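Each of the next two complexes has subunit A plus one more chain, namely subunit B in the first and subunit C in the second.
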Partner chain A sequence: MAAFLQNPLNVFALGVLGLLGMGIYGLLITRNMIKMVAVLQILVKSAVLALVLAGKAGGNINLGQSLAATVIVSDTIVAVIGLALGVQIQRRFGTADLKEIATLKG
Partner chain B sequence: MLDWLLVIAAVVCAYQVMRAQRLILATLWLASTSALVATLLYRLGAPEVAVMELSVGAGLVTVLFVFAFSIVGEVTLDPRGIVPRPLVWAMILAIILLMGWFILPLTNSQNPVVKVPFSTMLWDQRGLDVLAQIVLIFSGAIGLLGLLAEREIVVGRKPRPTVALTSGSSQPEVLDGRWQITANETSVEEN
Partner chain C sequence: MAAILILAIIGLPWLGAVCVWLVGDQRPRTQHYLAAGFSIAAGLAALVLLLFVSAETVIRIPAGNFFGDLTFVPDGLGAFLAAVATIVGCLAVIFSIDYMRGEEQLGRYYSFILFFIGAMAGLVLTSSLLFLFVFWEITALTSYALISFYNDDPKAVAGGIKALIITQVGGVGMLAGALAAYANTGSYEIGIFLEKAHTLPAATLSVIAFGFLIAAAAKSAQTPFHTWLPDAMEAPTPVSALIHAATMVNAGVYVLARFYPAFEDVPGWRTAVILVGSISALLAALMALVANDLKRVLAYSTISQLGYMVYAIGVGGVFASQFHLLSHSVFKALLFLAAGAVIHSVGTRDMRQMGGLGKDMPFTRSVFIIGGLALAGLPILNGFWSKELVLEAGLVDGPVWAFGLMVFVAGLTAFYTYRMTSMVFGGSSPAERHIHDAGQAMKASLGLLAIGTLTTWLLAGPFGQMLSTSLPAHQLHAVGTWVVVEEVVTAPATLLALGVIALGLAAWQWRKHLAGLGRLLGGFGQLATDGFGFESLNRGIVNATLKAADTIRPLQTGLLNWNVVGILGGLVVVLAWLAWSTGIGR
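What follows is the complex of A and B.
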């Protein structure tokens, strides 16, 4: 157990798991669309950290870095488009609550 | 020890994003999480990505969020979720335990360390990713135009009510399903 905790890679892996858990928790409890974009950001931060950690553990950290750079750019575009959708929904319906703006009834 | 502190602080900041009742506070906690993750990336030996995460994650995205709040106004959030909390915690625990079982413990690589520079890796070996990033940036610019659009999107046009006064009466009448006010035998349409 002491050897497990002393290896820094395991510490970073626990951080990846913690951020992943917080991201999934947020996705399940959040109803506001704009806040859901923020929660997605946390999930993607976990993925970025995991990619760099995998590169480091595999001996090719620059491959992990290049993949993480792509993920960061994609994540920013997702945030921009998600916020644009959220703002337009807030203007159209007066709320961004996903439960209230749902029009499918069943 | 510093790595432990950074990891715990990042997870706590991420939890505060969920707990914050005001969106501006959630954004500030998100920026703190981003800064801490950037520090973790730097300590992991990835300074290029750390700089990108710090500038984009803690800078640009925070500015975008604040800009969006300035458009729609501050919103107080309803803390009640759709899924019951015990079920949420059970699912998260199951996911974390399964993933931890798959990936832990991590060991240092037994393979020889690859010494390819980051610029060579990004521009030469991952050139297709760079092209995809350029396309994505154009998509983001179009999305930003959507964020800046002032005009409301009208899905279906409602029939404009025609208002008319009947002579000698101050009460409006409904004719053919629409409000009609006729005055001096003249129909006046309201804009």
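What follows is the complex of A and C.
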């Protein structure tokens, strides 16, 4: 185990998995629209970390970093739009609870 | 040169579509003339292309590894059908100048017609299976949009959606065939596919052959997919003439003819094609006997004549089928446009409310009778020569029962054509009314098509020459026009068919004496009026789909969390499949 942690790449990989697990778990249990956006951010951060890690492991660190920067930018837009939708939903339905606003129920 | 012409034939109508749309509906006059100008230019380009027929790939546009190259080959089959599409197209547009005068939203109308003309030309000229599919779907889309042109009429909207859904079934067959061909030959090129077809595994070739047969049957409105065509008659009449009589419905026959060398040895394929063609011809002719809507009678007769072409391919008469396609395009466009002129002045499509129109519309009556005689297959109009060629091919190479059926259908055709003509133009007018004959633009297109109906059979020789030199895989041998004429005149099939046609005409003439027979067949007539139950088959499929949708509906909870579970589940499956297929973890 100690030998496994000696390699910094492995530590980062654990970090990626940890963030991914947290994000997915959050997506599964969160009922609040605003919290959903926050959880999504955690999930995307795991992807950013994975990109940097893949760049380092593959010997193409520049590519990994530029892709990570791209993801950060596009992810900001996702967050902004998600929050704006959350605000609109709060205003229209009077709640941000996903169960209350499930109008697509079959 | 051929490359420029092909680009012009496809590009000019598409450019025209954009221009007409940009001009805006405030200037209908400009729209009329722009549309006519662009379509006439495309028609002229297609005529010139006939001089440059070859089997060479003249345009090759790389579209990436995945899609293969976008290629165009101006061979005889493609160039001839492109000429039919653009010339009948420009005549339909000219006709529309009178027919659509004063209508709203002309931009939408002309844009879709021009878009269709370009796509139809692309469909027949491309030699890439994938782009054949793409053009195929564009024609389906424009057909849908034009059937539903009067979009405040629920019947028109329903007819359009029905046509779209049924032709999509065919589209799936086409795509499946194209992908199977690509997977086995590594290329989308039709020429390469035709060469390598005999080296493919038999099962794969069967899948491709029957996939294409389904595609062709759906597009050409053959049994059991024929139900969309009569409902498509809600479209403006020039659209019916162009798309649902002269061009798009021929795409199915074109595909069968194009791939005939690859599929002829597939076990059961030719029999299936003969069955589809002859049954469609018979059922549609029976339904035409009892229909009272003028455009529906013409739609049924289109299905029936397409049945002849499909049957001709089934018995190996590729030339006969394409020759009949040419004749049918011309005389059926003529009949439809003449019917359009009638409907435009009378204001109804019900033949029972017409009658006695011959005196009020002498020009329309004359050209309609020319078209009707060609449809019935009487000498010396183009329909006679091509239908006899089809029947002769059937007698020589096909099963006897199918030949007998087709001769019988020829008699039925004469019967319903005579019935239709006499109901519309004969007899006395039911009430006082103010009728005007067709306008100038209408007369111009009708006149040209009537001349075509009288003369296109003279092209048999050059047409055969063009097909045989540019289609090496089909192994056609060219003969001169007079050889064809001699062949037809001396063939025993001709006399037999003419006899049956005369019987059909006589049966309507002396229908009063046959009243007893009519009563005897009354129940059968009701069956034909109901469309032989194919409509309830459609309804059954629709109801089953709706019921299935209703059953699985509760699966949609509307909760984001459950959707995330679904996405994760999918991800796990994909990862597991990747791990298994790459050998990790084994």
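Definition applied: the second predicted complex is superposed on the first by the 101 of 106 C-alpha atoms of A that agree within 3 Å, B and C clash if a C-alpha of one lies under 4 Å from a C-alpha of the other, contacts with A are read in each partner's own complex, and residues count from 1 in each chain.
Note that in this section contacts are C-beta pairs under 8 Å (C-beta built on N, C-alpha and C of every residue); 3 or more make two chains touch, one makes a residue touch a chain.
These figures come from a predicted structure and were not determined experimentally.
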| item | value |
| --- | --- |
| First (subunit B), second (subunit C), both or neither touched by A:2 | neither |
| Contacts of A:63 with subunit B and subunit C, given as first, second, both or neither | first |
| Touched partner set for A:20, first subunit B, second subunit C, both or neither | first |
| Touching partner for A:92 - first (subunit B), second (subunit C), both, neither | first |
| Partner chain in contact with A:102 - subunit B first, subunit C second, else both or neither | second |
| Of subunit C and subunit B, partner touching more subunit A residues | B |
| Partner chain in contact with A:29 - subunit B first, subunit C second, else both or neither | both |
| Touched partner set for A:38, first subunit B, second subunit C, both or neither | first |
| Intersection of subunit A interface sets (partners subunit B, subunit C) | 24, 28-31, 98-99 |
| Contact footprint of subunit A on subunit B as seen in their complex | 3-4, 6-7, 10-11, 14-15, 17-18, 23, 26-27, 30, 33-34, 37, 40-41, 44-46, 48-49, 52-53, 56-57, 60-61, 64-65, 68-69, 71-72, 75, 77-78, 80-83, 85, 88-89, 91-92, 95-96, 99-100, 103-109, 111-114, 116-118, 121-122, 125-126, 129, 132-133, 136-137, 139-140, 143-144, 146-147, 149, 152-153, 155 |
| Residues of subunit C defined as touching subunit A within the complex | 553-561, 564-565, 568 |
| Complex contacts: residues of subunit A adjacent to subunit B | 4, 7-15, 17-26, 28-32, 34-35, 37-39, 41-42, 45, 48-49, 52-53, 55-70, 72-74, 76-77, 79-81, 83-88, 90-92, 96-99 |
| Subunit C-facing residues of subunit A, complex | 24, 27-31, 36, 98-99, 102-106 |
